[in-house]
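Just below sit the structures, each encoded as structure tokens.
Both of the next two complexes hold chain A, though its partner changes from chain B to chain C.
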Partner chain A sequence: MTVGGGAGGAPSAIDAKKLRIYGIGGALVGIYLAAILNSVLGTDIFSILAAAGAVAAAVMGANAVRRVCGYGIGTGVPSIGMLALGMGIVGASFGLSTAEQLGVSMAGVIIALVYAMVFGYIVGAIANKVMGFNIPIMEEGLTDLSGAGAMAIIGWSYAISGSLAYADMVSKVFNTGYLAIVFICGGLAILHPFNANLGPDEKQDRTLVNGLMVGSLAVVAVGLCSLATLSTTAAIITIVIGAAAWYYFYVWYYRLVKRDAAAVVGTGLLPPSAL
Partner chain B sequence: MNFDALTIVYILEIVVGGLLVGVGVHFVPVGGAPAAMAQATGIGTGTVQLAAGSGLTGLLAAGLMMSVTDNIWPILASGAVGAMIMIDATMMTGGWIYAYAVGAPFASAKVNYDPITGYSQPPYVAPGTVGQGIPTVCYVSGTIGAFMGGLGGAMIYYPLMMTNHNPSLSALFAIGIFLVNAVLASWNIQGTIEGFHDPKFKRWPKAFRSCLVATLILALVAVTITGGA
Partner chain C sequence: MDALSMGLVAAMGALATVAGASEDIESDVGSQSNPNSQVQLAAQVGNPHRIYNKAISGEPPANALWATTAAVVAYTLITKFAMPALFAIAIGASVAALFNGVFSTSAYFGRNASQRRFNQWIYLDIVRYTTTSIMAHAWITAFCITCIAYIQTQILTPHHPFPMPVIALIWGLTVGAIGSSVGDIHYGGEREFQWRLFGQGLNTMLSGQIVRKAEAGLRNSIDNAWFCTKLGGPLTGLGFGLTVFLDNWRTTVFDPVTQAGLAIGMGLFFVILMNLYNFYVETSIRKKYGPYPGYKGDIAA
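Right, the complex of A and B next:
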């Protein structure tokens, strides 16, 4: 499974290039593997693979948020997460729609990724050149973020639709409104890790494990949505694997928090005089 | 997809809508976390939350109007009014909390006299803060900003609806375009602004240029998207 590909768990910093390969590679492998296995075997139980791929992309996005916001952008961290998903949703719907019009629905993911990344680069260049941010990694960071947003949207949408065909995506994810859940849960997986862990003692592994944790929660959420659109077996598989992954990463994250905290002290209940 | 004259009009409408959103954000008194603690003037949350809130209300209002008519003017008007109601209700209830719960006098730290009421501001600014609450000028400015934001949102939604005829797809796509412009504008004001009287307001041409380029790229692909099925 590609979930573990996001972070190696090593205390040393993971290179952004390596994370980009894990993120984009994990997302593409996850989505295409799910699409091929589902269509070849005529089932929908492999949709979880696309959701796992989306988690890998979200971790790459969380790392990009961490790098860009480390410079200080003046606004809250949530703004950049919403920007990532805003760019991602445009890229995703453009990619899937164009692929359908060209008659190759499998190419939609690639078109979405390329458009999103090019648009992210342009927005990064605008931020640096026109607004004068002068953040050296702005272009690179927003390219990653935009790509991560598009991959997260497509991956998690696939876990609801069970098909890469644009018509299925529209009828099962857009028209039902489940895309709003993908949008906000995916946004949280990308923006929440750095928002929760920022500060002078922020550590990359703790932030990214938090990203994996929130991403797993998003898998549970899309699993619940897919109860209405896919077979019950597929939905249950997605929910159970998502919940198990959430528990695993939650325990891991708690261990890292304890490692980085100055002290973990039990304060007990309120004193009797306060009650 | 054939690029006829109507398509170019749709692209232009989306671009103008994006620009209205980008410039409209500069009018909304965004206070961020300091305002939530009554240590700065404005509404106590970030630009994106406010822009998304007013934009979504505007889109809902525009969508509702679009279900009864195809005429662009009532659709634009209901989008703008929907967003204005949302922002005004937020500022009013926020103002009650600042006045009756926090107990802070409304004062702007950016001007000596409120440009609308003419009341003196500095005596009421608590030491160590940059103003509190939502003074009259910020309220008026916020209403103008919401008008522009809602108008912009409806102006993005309308051409999308005319090309793909799918309300949910158009709404979510419009939110995407809306968020890109709102975030670019909020970066331009560095997170907080009081309204049109704030010195930061003079930076709007930068946001105008940024949103123009960004929305144009989005608009070119937006009109090619089909409604599916």
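Right, the complex of A and C next:
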């Protein structure tokens, strides 16, 4: 059953197409800029850019969750977030390892994105046609989610490994187990925004700012992991920028909560109408 | 099998028992998981309340996040900075508790702000004193589970081949799943519907008609934690403790490589035994207390 009475068609101020461009564009620019700057300058301090790109992808994913789940999927919000990261991790692994096999590790991100989106579309089609969800934007939503998941995995994994090479990903992210935090933090960054704001008076800007806030928290988490794999300077930069961004977005989110809530009171009894 | 391994398995069982109990109470203080849908519905059917609405996700992913966060921080501190394990795990659990605080407060703010039309207010005093209680319980859960993961991967022989954060992720998912299925019934089925006879089931008509007033004043989530500490928490602890203990016991007593058949057979034996015991408990309760007043016979679906 639906818990919150969904957002019913999910009215939105920012168009999904625009958010898709920001999300995918931001992720690709962030990851490639980090990879190019790091390799050209022979450093790893630009890894934060990839993590920031992953936040953009996660926000796009959060918007896709909002659109799909706006059709009355309440208790399914956490599941769809996990599904996004599950599809994303398949896409990311496929893309990076294929690129390594072909000898063009820089192309891995693009291959992963394309593969993940096609994969997401197929899963969406199966969900709609075979399982009978009958949600008009299911295919589109899962395409977005799968792409967002793949970009989130690659971006945050890059912030830990400091390299796009599949071998480095395996040794620094998979074998150390840091993939676990990328997976679960990434999943929460995609599912938490809509889940936390579920209800008839949900607003898109509040949900997306929540996404930015949780995404920044994930940046702090991968920053903590990169203490073990990258230089201390790079790790500290990631942690400090992530924490500053988290604080900024949390304050912003609280401002929007005060704007939207019926009342924010220090203490008190129930509203007079309910006593 | 040696004495040290058996001692470690016993310690893991004890840690798991504590983790299970704190996990369930943590979710109950915040009304997470199954009981959350009733807390969410309450305002929508005209019953605004002063109960915490911690809609983070289902308990399994949420607890996986706390446990994994604690584990990655501890793992980093142990491997990179050679910090003593106990300190490292305590610091990791503290980071996990801070993460928990962020998720909890943002869910409380967000869910209640999205119920503007039902006049559900946001009470800051509730945020102040309930969130800290939630974070404290999350700290205990994360600490215990990371200790289990550390024992499995670093001390217990043979070492588990998976890395520590992944083990923590799996145990986090498990403790969440067990808390969700064992402990939540005590809160969602009984505490929220105290005025109904327990076991009658919940009629759709009663959705959202939760108890909002306490013995004195308005009920809050700390009252619910007090109630759930009596049965829900300990039972969840027992469930999770047994899962961890029995599962590791059979692979410690029987070598998983040379005596794999015996280890698997023992696992099957436990499953069958527990099913029989469950069947016995259910039938004896039905005999003792049922049929419930108001039971009109099974209705064809």
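Just so we're on the same page, the second predicted complex is superposed on the first by the 252 of 275 C-alpha atoms of A that agree within 3 Å, B and C clash if a C-alpha of one lies under 4 Å from a C-alpha of the other, contacts with A are read in each partner's own complex, and residues count from 1 in each chain.
Everything that follows uses one rule, which is that contacts are C-beta pairs under 8 Å (C-beta built on N, C-alpha and C of every residue); 3 or more make two chains touch, one makes a residue touch a chain.
Treat the numbers as computed from the prediction; the structure is a model and nothing was measured.
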Legend entry - chain A as common anchor, with chain B and chain C clashing or fitting: clash
Inset, instruction - Determine, under the contact definition given at the top, whether A:L270 touches first (chain B), second (chain C), both, or neither. - result: second
Inset, instruction - Could you look at A:D201 and tell me whether it touches chain B, chain C, both or neither (first, second, both, neither)? - result: second
Inset, instruction - Answer with first, second, both or neither: which of chain B and chain C does A:A13 touch in the superposed model? - result: neither
Inset, instruction - Please indicate which partner A:V40 is in contact with in the superposed arrangement: first for chain B, second for chain C, both, or neither. - result: neither
Inset, instruction - Have a look and say if chain B or chain C is in touch with more residues of chain A. - result: C
Inset, instruction - Based on the superposed arrangement, let me know which partner A:G177 touches: chain B (first), chain C (second), both, or neither? - result: both
Inset, instruction - Could you look at A:Q101 and tell me whether it touches chain B, chain C, both or neither (first, second, both, neither)? - result: first
Inset, instruction - Quick one: classify A:S93 as touching chain B (first), chain C (second), both or neither. - result: first
Inset, instruction - Look at A:M82 in the shared chain and tell me whether it touches chain B only, chain C only, both, or neither; answer first, second, both or neither. - result: both
Inset, instruction - For chain A, give the residues common to its interface with chain B and its interface with chain C. - result: 74-75, 78-79, 82, 175, 177, 179-180, 183
Legend entry - Complex contact set, residues of chain C against chain A: 36-37, 40-41, 44, 46-50, 55-58, 61-62, 64-65, 68-69, 71-73, 75-76, 79-80, 95, 99, 102-103, 106-107, 109-125, 162-169, 212, 218
Legend entry - chain A to chain C touching residues, read off their complex: 1, 3-5, 74-75, 77-79, 81-82, 175-181, 183-185, 187-188, 191-192, 195-203, 206-207, 210, 213-214, 217, 221, 224-225, 227-228, 246, 250, 253-254, 256-257, 260-271, 273-274
Inset, instruction - Within their complex, state which residues of chain B touch chain A. - result: 1, 32-33, 46-49, 52, 166, 168-169, 172-173, 175-180, 183-184, 186-188, 190-191, 206-207, 209-210, 213-214, 217-218, 221-222, 224-229
Legend entry - Parts of chain A lying in touch with chain B, wherever the complex brings them together: 73-76, 78-80, 82-83, 85-90, 93-94, 97-98, 100-101, 115, 119, 122-123, 126-127, 130-133, 166-167, 169-171, 174-175, 177, 179-180, 183
